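Read through the structures below before going on.
Shared chain: subunit A. Partners: subunit B in the first complex, subunit C in the second.
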Partner chain A sequence: MFSFCTDPSVLPDWQWFACYFTNATHFQFYRAFGVVIVLLAVTAPVALAVGMLGAMALRSRIWPLNWLGKGYVNIVRGVPDLVFFLFVPIALGQGIEWVMHHIQCPDWDQPIRQGNDFIVCRDAKVPPLNSARWVYDLYAFAMAVTAFALVFGAFVANTLHGAMQAVPKAQVEAAEAYGMTRAQAFRRIVLPQMWVYAIPGLSNIWQILVKATPLLFLLGIQDIVYWARELGGQKTSLFTYPHDDWRMWYFLALLCFYLFLTWVSEFAFGRLNERLSRGQATAAGERQRKAAA
Partner chain B sequence: MRTCLESFEGYILRALGRDFGERLLPRNLDITLCDQMFLIASGLIWNVYFAGVAILFGFFLAIGMAVAKFSQNKWLNIPASVFIFVFRGSPLFIQFFFFYSAFVLLPRSGIDIPLGFVTLTLDTSALTTAQVGGLIVLILNTTAYSAELFHGALRSIPKGDLEAADAYGMNALTKFRRVVFPSMLRLAWPSYTNEAIFLTHSTTLVFLSAFPARQQSGEAFYYARYFVDQTFNPFVAYPIVAAYFILLTLAIIGLYGLVNRRLNRHLPKERRQRIRFRPQYIR
Partner chain C sequence: MKKTAFAALALAFAASGALAQDVVRMGSEGAYPPYNFINDATGELDGYERELGDELCRRAELNCEWVINDWDTIIPNLVSGNYDTIMAGMSITEARQEVIAFTQNYLLPEPSAFIALAGTDESVRDTGVIAAQSNTIQAGMVAEGDGDLLEFPTPDETISALRNGEADAVLADKAFLAPYVADSNGELVFLGDDVLLGGGIGVGVRQSDDALRETLDRVIADMKADGSLNAMIEKWFGADHPQF
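Entry: the complex of A and B
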C-alpha cells in the first residue's frame, strides 16, 4: 500500500501499523464487513416479501392457503433457529441436486443415498463441477440468504398479520360502505396504514437479524468472524507481520461494529416511526398534529 | 451393529466425558438411529446445566442490575445502562468469541491477588473451558436481557401500591421486599419465561463458537451437527434435536407456569397475566 512498506521489520510503530492494517489480507477482512451489509440489504427485503406473502396467507379465506401460512409460521417459530440455519442450506442443496438428478439422468439405476454418501450423476451437480470459485461462493451466499429469509419471513409474517388486524375496523367498514371490494380496501386502506403498527415489531426483528449475521460463519462462508480468527491468531517470525495472539482485539472490533449497527438502527427506526405516525389516528400522530397547530 | 440397548448403555451419559460410556463416538456406516437419539439426548445434560445455572445466577444479578438502572443515582444508573446496552446490542456468538480469546490470554498459572497478609490465587485455567468460561458469558448475557425486562416491570409498578407502602411507614428495604419485588416479578414473569426459553435455545451456541468440546463431550446440537457431518443426511439428526428442544421448551413453560400461578394467586381471575409463547431466538 505505502511505499515504505517493503520491509516492515525495520519500521517504527506507527508505520508498521499503517502497513499492517493495509495489507492484502486486511482488505479481505474489510470486504467481509461489506458482505455483512450486503447480506442485510438483500435479506431484509426478501424476508419482508416472504413475510408479506405469509401474512396474506394467514389472512386468506381460502383454507389450504390459510393452513399453509399457519403451518409455515408455527413450524419455523417453534423450532430453534440455529437448527433451521444449518438445516435449510444442506437440505435445500440436496433437494435441488435430487431434482436435477431426476431431470438430467432419468436412466440412472443406483440409489442416491448409498450408506453415508449422497451421490448424484455428474450433470446434476449444482453448481456445475469445475465452476469458478466465485460461483461456489455466490451459491453458498444464496443458500444463506434463503435460510435467513425463511426464518425471518416467518417472524415478519406474524408481525404483519398482527399489524393488519390493528388497523381500525371502522376504516375498513367505511371503505366497504363506499363500495370497495375486499382487495381494494386492503390495498387502499389497510396496506398504507398498517406500517405504523408494524414498525415496533419489524424493528425488533431487524435487530435480531443484525445479530444473526455472524452465524454466516457456521455456513462456511469467509465472513468477519472467519477473518478475525485468521488475522488475530498468533503469527510467528516467519510471517511478514509477526505478532502475539490478538484475537481479543479483533473480536472487540467486531463487538463495536455490531453495537454501532444496532445503535444506528435504533436511531433510524425512531425517525421512521415519527415519519409514519404523521396523520395517523394514534397517540403519537395526535401529538404531532397538536405540535404543528 | 449395536442393538438399541447397547447404544443406550454406551451413549446416554457419553456427554459427561469418555469415562462415562464408549470411548469413541460412532462413526460413518456404524451409526444407528438409536445412537443418534441417545447421544443427542445425552448432550441435553449440558444444555440443562448451562441454562439452569445461568438462569439461577442471572436472576439475582439481573434484579440488582435492574434496580441500578432504575436508580436516580447516575453512578449506578449509567454503568448499568451501558452494561445492558453492550450485552443486548451485540450478538451472543461474538461475545463467546471475545470472552474466549480474552480468557486464553490470562496466565495459565492463575492470578495472585494480594489481600494484605494473605494472597488469593485465582484459578484461571478453568475459564477457557465451556463449562466455566462459556457459562460466565451466558450469565452476563441473560443478566442483561432479564435486567431490561425487570427494569420495564419496575417502571410499571402502580403508583398507588408504592404510596400505600409509604403510608404504612415501611422503610426502603421492607417496601422493596414486600411491595416492589413481588409486583416486579409478577409483571415481568411472562416475558421472563420467554427469556428463559431463548437462553435455553442459545446454549446450542456454546460449542459452535470458540469453546472447545474436550473429549468430544458437548451439548445436544453439537452431537446433531457431528452426525450430520458424518452421515451427510440432515433429515434425521436435526429433527431429533428439534424435537428434544420442543420438549425442553414445554418443560420450561410448565415450570414457569406454576410459578406464574403462585405469583398471581391473590388477583381476581380476569386480571391474571397469561404466559404467551413468543419465540424469537437469535440474540
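Entry: the complex of A and C
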C-alpha cells in the first residue's frame, strides 16, 4: 500500500501499523463488512416476501395451502438455525444438481450416488464447470440468501399472521358492509393497517438476523468473524507481520460494529413505528392525536 | 454440431471425473502454517501445499484453482463435489480412507509433539488436559488415551488455550508447533518425545475419481524420483524434517 512497506520488520511502530492495517488480508476483512451489509440488504426484503407468502398461506381457507404454511412455519422454527445452515448448502446444492442431471443427461447410466460420492454429469454441475471464481462466489452468496430467507421467512410469516389477526374485526366488518369482497377487504383494510402491529415483531427478527450473519462461514463465505479469527490469531515469524494473539481486539471491533448496526436499526424502527402509528386506533396513535390537538 | 461433439466427448470422459481441460478445484484450509496459510502480504493462499499443488498441476498440465474451506466440513464438501482435491495437511488414516481416497503421501509420517508452558511436568501428557484441533489424528490419539481432550475448530486456538491455562499441553504436528516454540522466548517448550502418527500426508480425492488420483500419484512419484519434492520439504520445513 505505502511505499515504505517493503520490509515491515524494520519499521517504527506507526508505520508498521499503517502497513499492517492496509495489507491484503485486511482489505479482505474490510470487504467482508460490505458482504455482510449487502447480505442483510438483500435478505431482509426476500425474507419479508417469503414471510408474506407464508402468512397468507396460514390465513388461507384452502386447506392444502394452509397445511403447507403451517408445515413450513413449524418445521423451520423448530429446527436449530445451525443445523439448517449445515443442511441447506449441501442438500440444496445436491438437489439442484440432481434435477439438472435428470434434465441434461437423461441417458446417463451410472448411479448418482457412488458410495460416499455424489456424481452428476458434466453439464449438470452448478455452477457450470470452469466458471470464473466470482460465479462460485455469487452462487455461494445466493445459497446464503436462500438459507437465511427460508429460516427468517418462517418467523416473519408468524409475526405477520399475528399482525393480520390483530387488525380490529370491526374494521373488516365495516369493509364488508361497504360491499367489499374478502380479498378486497384484505388488500385495502387489513394489509395497510397490520404493519403497526407487525413492526415490534419484525424489528426483533431483524436484530436476530443481524446477529446471525456470522453463520455465513458455514455456507462457505469468509465473513467478518472468519477474518477476525484469522487475522487476530497469533502470527509466527513465518508471516510478514508477526504478532501475538490479538483476537480480543478484533472481536472488540466486531462487537462495536454489531452494536452500531443494531443501534442504527433501532433508531430506524423507532421512526418507522411513529410514522405507521399515525391515525391508528392504538395507544401510540392516540398520543399523536393528542399532541397534535 | 460442435455442441454434440462436445457432449459426446463429455459423455465419454465424464465417468472418470475431472477432465484434463477442466478446472481442478483444490480445497485447503488456509490456517495451518507452514502447510497452508493465508499470506498476509498478498492475501493469497501460501505455504508448502500451495507451492506443491501448483507444481503438481503444472507437471500434470491441469488447470487448477484454490478454494478455502473450513476444516470441519472439508471432507463433506469434497464428496459432494464442491471441489476435487484436499491438500490441507491431512494425514492418511484408515477412518478417512473409508470416506475418501488418498494419493501416495507427499510428506512422510511426521512427528507430532506436545508443547506446554515451561516447567510443566511431563506426566500431563498422559493425564492432563490436552488441546488439539478437532477431527485430527492428534485429537483421535488423545481421545483414546487417559488424558482429557479439549478440541478447537482451528489450530491457533489450541495455542491460546495453552497460554491462558485452559489446557496443560497441545498436541499437533511438530512442524506447525516449532515456530510458536521458537518465537515464544522460552515461554513454550516441547514436552517429552515426539510421537509418530498416521501414514503421512497425501492428496485427498473422491473415491470415484480414479483418473485424477492416478494423475496426481504419477506426478508425485516423479517429484519424489527427481528430488524436487525433497527440496520443497527442506524449503518449508527445514533440513531436519524427514525426507523421501
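Brief remarks on what is shown
Throughout what follows, the second predicted complex is superposed on the first by the 287 of 293 C-alpha atoms of A that agree within 3 Å, B and C clash if a C-alpha of one lies under 4 Å from a C-alpha of the other, contacts with A are read in each partner's own complex, and residues count from 1 in each chain.
Here is the rule we go by: a contact is a pair of C-beta atoms (placed from the backbone, for glycine too) under 8 Å apart; a residue touches a chain by one contact, two chains touch by 3 or more.
None of these values were measured; they are calculated from a predicted model.
If you put the two complexes together on subunit A, you find that subunit B and subunit C bump into each other. Of the two partner chains placed by the overlay, subunit B and subunit C both lie in contact with A:116. In the superposed model, A:133 lies in contact with subunit C only, and not with subunit B. In the superposed model, A:247 makes contact with both subunit B and subunit C.
Within the superposed three-chain model, A:79 lies in touch with subunit B and out of touch with subunit C [touch as defined at top].
When the two complexes are overlaid on their common chain A, residue A:155 makes contact with subunit B while staying clear of subunit C. Look at A:262: by the touch rule set out above, it reaches subunit B but stays clear of subunit C.
With both structures placed on the common chain, the touch criterion links A:239 to subunit C but leaves subunit B unconnected. Contacts of A:90 after superposition on the shared chain: both subunit B and subunit C are touched. Overlaid on A, the two complexes show subunit B and subunit C touching the same residues of subunit A, namely 86, 90, 94, 115-118, 217-218, 229, 245, 247.
Those residues of subunit A that touch subunit B in the complex are listed here as 77-83, 86-87, 90-91, 94, 113, 115-118, 155, 204-205, 208-209, 211-215, 217-218, 225, 228-229, 232, 245, 247-248, 251-252, 254-255, 258-259, 262-263. For subunit A in complex with subunit C, the touching residues are 23-25, 27-28, 86, 90, 93-94, 97, 105, 107, 110, 114-123, 125, 129-130, 133, 136, 217-218, 220, 222, 229-231, 233-242, 245, 247.
Only residues 28-29, 31, 85-86, 89-95, 97-98, 101-102, 104-105, 201, 204-205, 208, 221, 224-225, 228, 230-235, 238, 241-242, 245-246, 279-283 of subunit B touch subunit A when the two sit together in their complex. Every residue of subunit C that touches subunit A in the complex is listed here, in rising order: 7, 10-11, 14-15, 17, 19, 22-23, 30-31, 33-34, 37-44, 65, 67-70, 73, 76-77, 79-82, 99-100, 154, 156-157, 159-160, 163, 179-180, 182-183, 206-209.
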